[in-house]
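Here is the structure we will look at.
Letters A, B and C mark the chains as written, and numbering starts fresh at 1 in each.
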Amino acid sequence: MGGKKVYRVLIGKPGLDGHDRGAKCIARALRDSGFEVVYTGIRRTPEEIAMAAIQEDVDVVGLSSLSGAHMELFTEVVEALKKHNAEDIPVIGGGIIPEEDIEELKKRGVKKVFTPGTPMEEIIKTFRELCEK
Amino acid sequence: MSVDPRYKEWEDKVLSKVLARFPERKKEFKTSGGLELPRLAIPDEIDDNYMEKLGFPGQYPYTRGVQPTMYRSRFWTMRQYAGFATAKETNERYRYLLEQGQTGLSVAFDLPTQIGYDSDHPMSKGEVGKVGVAIDSLADMEILFDQIPLDKVSTSMTINSPAAVLLAMYVAVGEKQGVPREKLRGTIQNDILKEYVARGTYIFPPRPSLRIITNIFEWCSKNTPLFNTISISGYHIREAGSTAVQEVAFTLANGCTYVQTAIDAGLDVDVFGKRLSFFFNATTDIIEEVAKFRAARRMWAKIMKNRFGAKDKKACMLRFHTQTAGHTLTAQQIDNNVVRVALQALAAVLGGTQSLHTNSKDEALTLPTEDSVRTALRTQQIIAYESGVANSIDVLGGSYLVEQLTDKIEEEATNLMEKIDEMGGVIAAIEAGFIQRQIEDSAYEYQRQIETKDRIIVGVNEFQSKESVKVPILKIDKEVENRQVKRLKEIKNNRDNTKVEKTLKALEDAAKGNENLMDYIVEAVKEYATIGEICGVLRGVFGEYRD
Amino acid sequence: MDIKSIIQGIKDKSPRAIARAITLVENGDIWVDELLESLDKKSIDETMIFGITGPPGAGKSTLTGKIVGYLRSLGKRVGVIAIDPSSPISGGAIHGDRIRMMEHSLDGDVVIRSMATRGRLGGLCASAGAVCRILASSGCNPIIIETVGVGQSEIDIIKIADVTALVSAPGLGDDIQALKAGLMEVADIMVVNKADKPEAQMLAVELSEIARDKGTEVILTIAYEGKGVDKLYHAMEEIYKKQVELGTKQRKRWESRKKEIVDWVIEMIRPEIEKQVDSMDRDLDKDPRVVANSIVMGLKKERNP
């Protein structure tokens, strides 16, 4: 069909945190910017999210956690992707995440981390840039 | 000016009784300039319309407040929600807060506890002790309330799906302290319906969840008569993005579902109805919030009287806790949050709240530090002791704007509740995704307004400033999880495992039948069965809910 | 991942390779023909394709998730294609069906793929047909296509399926009327889900009357509790077997293939034509039908100079 490529992304909520307002808002905003968004719902394990990302062949994985468990959970998603030879799928994350954690998460392979109040436009731009790569 | 006979009647019949039992804080209340402040300002003429819509405080339909003297007798309960890491650290924070003048406890549990997993469950990894205190068994609960006499404090517990288990543990701790059940005071949130649409800490499907809730209503009316058996919560619905009208409508609709379920189970609405409490959000939009609280009170009174035939006055009163709106806190220029919280707290007090939690300024970044929690508590104390708004009742009552908005919120929320009834009730509306979609749509609209600057958030999309403030962070390190898991192992090794199995088996059999589960849970808890084991048994019988 | 390893990966049931292959099809990559030609014809022929459709809120994805669970208990490897509508304005889509199937995420023998309609009428059916063949070649049998039964493209796509179940539930109101209007004709089985609700019996009676005329069965399910799921699956399998015996399955597949070929051709020609029309600076004042005719004549001339 040869039309222009449609970007596919996955929005996931690893761990037990049920606050999905932000994740759902971002999923909608991405859809309204032309993305196809796979939403996993709340309370998923990192492994489940990684496998869904692989099966859906998404271009980017976006994670949200507000419970403070981001260090463990985001890292585990990155590792699970690596384990299944899919480390080329970039992972980004958002939530209540202190600055010092952001540095550490980047070291562990999370491409970008957003904190509360980040304009939607900026988040979508990041998704688009990573999809284009 | 002659005294209106209906006002006189209220003074003689309602007010005087309460004054005799709860004298006011002062002989007379004055403004700081020395002007006398009336207990209750009323219009020159009191007509039927006034009586029908507003009435007097402590009198149906309770628009102006549930008590005839409100804060002139006693301030609202200042109750800061707290809990982190293990029971030991949290116990220290509680004792600090009580020393600082806090008047009630409010327990925040970590997510594994809230979802009925032990700390060593695979799903608990990374979550132990993070958003609240980790409780695996009675042993943790004993430490949590160490040196805190349970006959002196009232304790609110934000726990829903496993509410029965935590309540059983609280009762057991009380017994160990020598406090009889009937003296225990507090609240369990126990509001599962809003978990399906807004907060996500559900375990079981709706029907068995409602059975457990009804079991709790029944058991508490006989065992812990001073305990509020549910806190029907709009707070999280609002946090998830709803409007004020939706918050009222969905919360009261949930309330109706609990009441109907309990009535269907043969309970007396005048008995359990008195132990229902509510929990609302207070945002910075002061006037709308005040109108919201007043409208909710009036609506609930009418619902209980007309729809459910409640005769007891107390069963018609909507008593509520308020928390300031977490979603309005910004990670940018965090000192601004102190101002937001002050305005929100003021709205709650002007709206007649029974208890209040004020958020700390750093909560958009991290768990609050001791310093920021103290400022949040001081905010309440300033409103109570310095602002003067607590010295008269329903001080905005009669404002053209506030009364108009109160009517409007009642009207729109009533319409929305009727829509839910038409769909076959709350559970059908949840299954059809109606409530979730309504909340999502509002959340997205709110976000869109921020993006387009139709809504200005100071420091976020306007008046930004370059800042590089180092915020002191309270961090829960990985050691907490390891320690808690180790403790859990020790407890499992040191208890009488045959007895544990026996109580769990008894619980399983009861769950398969129709008996009240509370006594079985209390027995299991006393043998140090863990929350994961108890919820595991119930998961086996009831199944698990998935969104 | 190069095309050789994708082809090999499909045979090896590699999730990554299967996923990549589907993306190639969806994006019309140049390697698609080589990929599709390499697929295992026997598996494609023998794989059962089941359609699950119905109005929003009927519980399709919950039901699909439970059918998958049941099939796994029988040891079958299953493929699921979940179709969601694309936004007509932005072209984007939200795929939420996985929420109810996440419990199968870690199971390597459950391959789930979400696809958006992407505003293509025939194109979606063409893609979905190819995706079915990829999944079949990777050993999935059966394959379930789940789609909302509104709009022509969703109804068309269900025709790819050998057997289609139309799911409804009490309390959906006007949607049931829409269902009668459009979907009844494609349904081989009618399902009344949420059968524990009091109004379910009435709906079942109502549907039975229509079903009787068509000779189809009405099955009651409570997807949430997994009740009736086995019965539904075996009923679908029965119908498939009967179709094989009678030879109607093969006839249906050939019909579906003919349509797919037409769809592919149109999809392939479309960009070329769009380019031509786009670069038109004259002729725009002429009647569009007349211009179209001259373009088609031109195409024919190219073929037979």
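Heads up, the rule we're going with is that a contact is a pair of C-beta atoms (placed from the backbone, for glycine too) under 8 Å apart; a residue touches a chain by one contact, two chains touch by 3 or more.
Since this is a predicted model, take the numbers as computed values, not measurements.
J.: Using only Cα atoms to place each chain's centre, name the chain farthest from chain B.
T.: Centroid comparison gives C as the farthest chain from chain B.
J.: Contact counts by the stated rule: is the higher one at B-C or A-B?
T.: A-B
J.: How many angstrom lie between the CA centroids of chain A and chain C, rounded to a whole number?
T.: Between these chains, centre-to-centre, one finds 28 Å.
J.: Please work out the Cα centroid separation of chain B and chain C, and write it as a whole number of Å.
T.: Inter-chain centre distance comes to 47 Å.
J.: Taking each chain's centre as its mean C-alpha position, how far apart are chain A and chain B in Å?
T.: That pair's centroid distance is 32 Å.
J.: Got the chain A residues that touch at least 2 other chains?
T.: Only 28, 41 qualify.
J.: Name the residues of chain C that each touch 2 or more other chains.
T.: Within chain C, residues 99, 102 contact more than one other chain.
J.: Going by the contact rule already set, what residues in chain B reach two or more other chains?
T.: In chain B, the residues touching two or more other chains are 547.
J.: Could you please specify the touching residues of chain B with respect to chain A in the complex?
T.: Those in contact with chain A are residues 111-112, 114-115, 117, 122-127, 130-131, 195, 199-201, 239-241, 327, 330-332, 364-367, 440, 443-444, 447, 451, 457, 460-461, 471, 473, 475-476, 547.
J.: For the complex, give me every residue of chain B touching chain C.
T.: Touching chain C: residues 205, 423-424, 428, 431-433, 543, 546-547 of chain B.
J.: Within the complex, which stretch of chain C touches chain B?
T.: Residue list for chain C touching chain B: 57, 99-100, 102-103, 171-172, 194, 197, 224-225.
J.: Sort out for me which residues of chain C touch chain A in the complex.
T.: Those residues of chain C that touch chain A are 15-16, 18-20, 22-23, 26-28, 86-87, 89-96, 98-99, 102, 105-106, 111-114, 116, 118, 120, 123, 127, 267-268, 270-271.
J.: Under the touch definition given earlier, write down the residues of chain A that touch chain C in their complex.
T.: Chain A residues touching chain C: 1-3, 5-6, 8, 27-28, 30-41, 44, 47-49, 51-52, 54-57, 84-86.
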